[in-house]
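Listed after this line are the structures, all set down as structure tokens.
Each of the next two complexes has subunit A plus one other chain: subunit B in the first, subunit C in the second.
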Partner chain A sequence: MIILRALLNIDRRIMYGLLCLTIVVMLKWPVKQPLSTTHAVKGVYDAVEAIPHDKIAIVSIVWSSSTMAENGPQTEAIMRHLFKRGIRFAILPWDQQGATLAKDIAEKVSAEMGKTYGVDWCDWGYRPAYLYQILPALAKDIPATIKKDYRGEDVRKLPMMRGVKTIHDVGLVADITPSGTLDAWISQIQGVYKTPIVFAPTLVMVPEAYNPLDAGQIKGMLPGLPGAGQYEQMLNYVGFGQKGSGALSGSFILIIVLIILGNVGLVASRRRRPEDGGGD
Partner chain B sequence: MDAFLQRYSLQIIVWLGALSTLAIFSILYKENAFYRLFEHIFIGLATGQGIFMTVSQVLHPLWWKRMTAEGQWYWVFAFLAGMMFYFVYSRKYAWISRIIFGAFMGFTAGLTFKAFATQYVPQIAASFKPLGGPPSSARPDVTAMTVVYAVSFLVFLLPLVWAAVLGSKAARLKREAGIR
Partner chain C sequence: MDFILYLGKWLASPRHGLALWLLIAGGLALGVAIFLLLRATPGRYRKLIVMAVTFLAGLFYIAEFFWSGTIFGVENFLSPAVQPLGDVIMVVGSFTLLLGVVNLVAIHAKAIRAVRPGWHNSLAFFIAMVAIMAAGLIPYLQEQSGQKGSQSWTAVYQILFNGMLAPLGATMFSLVAFYIVSASYRAFRIRSGEATLMMLAAFLVMLGMVPIGIYLTHWLPETGALSNLRLERITQWILTGPNAAAQRAIAFGIAVGGLAMALRIWLSLEKGSFFDKQ
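Coming up: the complex of A and B.
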């Protein structure tokens, strides 16, 4: 009876402590988790593989430090794939924090892979997230809409921007976001100009993306951290996506165990005879 | 000092980050001054960075510089349009704010109309799936889910139709019997 009572009254601080411990242990000593590649993740890979070399990609950044654990590895994986294929890309940040964080990731990956700013990639600099207002103008004239990169240099003068005029010179848009920005990209860009879009949302946003995915409006999706892990596996490197997926699974298992324990305690306490003080 | 910062900046950043994270998560234990202090630091940092990024990457290069150094004086109208919003606080001149609000509502309505056509119509079209099964190249899970949706919808709809039919029959019988 004491055990049952204890199961029903586990202090939330103990549960938080266990959760913290699970995540720390599984991040420190990652367990290799078999990740099967889903149709949605393969769609992203295929979309990047299909970009013609004369076109650029746009990496749209809407995330900030609060969702960096999920959106950071997604950003890194997509950038690595673009660099690997030799596709030039531009970062288009819609968040002040994300602008700095995504640039840091691009600088780290470009240094590792021997790529040069302005030639292989560039950063168009932070723009306020008025996507519905900015995207129609961007589609018609990219240099006139963007004008300057994050360093204040004219984007027309960047070598990678030579020949890039309209959205027809863009082979892919990767929308990496914890917000509802996909609607703007679909309605203002994909729906009008048929520019391929891939989507990298946080895990909680995944269900709502299946409609555009099934309708072919987005070519693929990286569902949160596991999506990044699957993509890393396809690119043959181990990043935070794979390491973090193990920790995520561990924390989910712990939560399931705690729910089971709580329910076992509740059911057992109801079955106790009234003279033992059981029942409702 | 520069040499010290160059050598240890990464370590300092990592330790500060770890300390800040622990401070924020300490709320899970209980409300405490340590958490409050770092909560305010975080809010201040985010606000400060937001203002800096907006001024340095948007307002200065794309508005102020163009207006003052590149001769595009007409950008002053953006400032005037922005200021019109603030007349909402004046009872006497609130009509000025209504002009700019109306203009923005008009823009948004137009964009929403376009968005419906380009975003939702293809999704509605894609939702019409053959019950008999797709070509072998299509995804099997989509067809299976479509069948499940269709059956669920029928199970949901049939009792409603049945209730509506019974309701109308009862109403007719009442009318015929002269019962109010």
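Coming up: the complex of A and C.
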């Protein structure tokens, strides 16, 4: 009974230690687990597949190093798919750290897949995150709004930007974010110009994204790290999305076990209440 | 309006060398002059100016957005100004970054001068800021002056950014996971029917989002009535059914609240710290 009651108040340091151990072990020795593809992830895949070759894609980056573990693999997976299809894309970073981190991912993947900066992809450089004011301008005239890429070169001179004038020349916007920027893209771009949007949020943001998904305002969604893992599986490569999903599984199982143990302790303490006045 | 458009285009046209520096100096001088003029203006007139500018700025975006095509034969003459205004927003937004740096410097300098408890953290801030600025700016300035960017400075930048800043940011955020474990353990107790229901929903959604949960029921058929018992299907149902309904209600509430708040700010009815201090 003492042990059962002890379950009611497990020291938080033990819980922290167990979580740390679970994550380290699952990352060090990943266990291959099946990833079932959800319709939301398939929606992203289909939206990328549907981009016409005469249009570009915009990869909107709002994340920083804090959510790199989730948004990083999502960014890489989407970029790989765009490269694979030969769709030109531009990185549009709204975060100072994300600007460098996303560019690093693009450089790594483009080197791996034999793609060239300025021809297959470009980086429009950091913009302050005033999306509601900047997106209307971007929609009407992309080169006039962006002007220069992150290297200070005129975007009009980049080969991939030839013929790109307005948002009508954009076949897809991928909003990769841990914050609420989707509303701006929907209200200023999708709602007005019907440009397809896909969304890649962190896992905690997923519940609130089902409304725009249900309404068809976004074509698909990559729910956090498992979403990236599912997308990697569809693209036939193993990245951190699949490797990290195992650690996430382990962590969730640990949380569930701890909740069950806490409730076992609660029930045990209630049972002894009539005899010795115990309880919670 | 034509004059504003002409001015916007003139300001946005690319300049180099002395012309660029003169334009920057002119812009700064104009900004400082407006700032000083505002400061010299009596409080109640200043309030009126701020209210008028806020109202006009808000009115522009509202009118431009809802003025689709032509109304009573009048073409939307506001749309061409959206792009130059976007430039202005980007410039103003960039200045807010500088404002943040100035604010941090002022606070930490004060802490060091007064030798407040934890002053060494403020010193660490200055060292880190100067180091990363130097490591980022020196190779950039070298490249701008036609030289080859120093490899050693680039390496220092890589160490500071990829080796320190990015992992530190990720570490700070990952601490949330530890708090979530502790909070879930204490919060999800079967104290009532509602709490039990919430706990069960949390279990199902957590399991249905990760591979292990999907594996638990993968033996069930993928089609037919029994497929609805697969964990990922149950999770999808919870997320797209009850969750979406609740989220929609919350979204409507937020939207109505946001609209009311936006109107209060637009019409300067919101008494913020600026007017309170007048």
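The working rule: the second predicted complex is superposed on the first by the 271 of 280 C-alpha atoms of A that agree within 3 Å, B and C clash if a C-alpha of one lies under 4 Å from a C-alpha of the other, contacts with A are read in each partner's own complex, and residues count from 1 in each chain.
Methods note: a contact is a pair of C-beta atoms (placed from the backbone, for glycine too) under 8 Å apart; a residue touches a chain by one contact, two chains touch by 3 or more.
On a predicted model such as this, the values are computed, not experimentally measured, just so you know.
Enquirer: Since both structures carry subunit A, what do subunit B and subunit C do when superposed there: clash or fit?
Expert: These partners clash in the superposed model.
Enquirer: Please indicate which partner A:Ser36 is in contact with in the superposed arrangement: first for subunit B, second for subunit C, both, or neither.
Expert: In the superposed model, A:Ser36 contacts subunit C only, not subunit B.
Enquirer: Looking at subunit A, does subunit B or subunit C touch a larger number of its residues?
Expert: C
Enquirer: Regarding the shared-chain residue A:Asn236, is it in contact with subunit B (first), subunit C (second), both, or neither?
Expert: Neither partner.
Enquirer: Please work out whether A:Gly216 is in contact with subunit B alone, subunit C alone, both, or neither, and reply first, second, both or neither.
Expert: Touch partner of A:Gly216: subunit B, not subunit C.
Enquirer: Once the shared chain is lined up, is A:Gly125 touching subunit B (first), subunit C (second), both, or neither of them?
Expert: First partner only, subunit B.
Enquirer: With both structures aligned on chain A, tell me which stretch of subunit C collides with subunit B: 39-47, 111-119 or 183-191.
Expert: 39-47
Enquirer: Just which bits of subunit A does subunit B share with subunit C as contact spots?
Expert: Common interface on subunit A, subunit B vs subunit C: 12, 16, 20, 39, 96-97, 100, 127-128, 132-133, 147, 211, 214.
Enquirer: Applying the document's contact rule, which stretches of subunit C touch subunit A when the two form their complex?
Expert: Interface residues on subunit C, with respect to subunit A: 12, 14, 61, 64-65, 79, 82-83, 85-87, 89-90, 93-94, 96-97, 161-162, 165-170, 172-174, 177-178, 180-182, 184-186, 188-191, 199, 203, 206-207, 209-215, 218, 232, 236, 239-240, 243-244, 247-248, 250-251.
Enquirer: Mind pulling up the subunit A residues that touch subunit B in the complex?
Expert: That would be residues 12-13, 16, 20, 39, 96-97, 99-100, 125-128, 132-133, 147-148, 150, 152, 183-184, 186-188, 190-192, 211-212, 214-217 of subunit A.
Enquirer: Help me check something: in the complex, which residues belonging to subunit A touch subunit C?
Expert: Checking each residue of subunit A against subunit C gives 10, 12, 15-16, 19-20, 23, 33-36, 38-39, 64-69, 96-97, 100-101, 104, 127-130, 132-134, 136-138, 140-141, 144-145, 147, 154, 203, 206-208, 210-211, 214, 223-224, 226, 229, 245-246, 248-256, 258-259, 261-263, 266-267, 280.
Enquirer: Once bound in the complex, which stretches of subunit B touch subunit A?
Expert: Residue positions touching the partner: 25, 28-29, 46, 49-50, 52-54, 57-58, 61-62, 107-108, 111, 114-115, 117-119, 122-123, 125-127, 139, 142.
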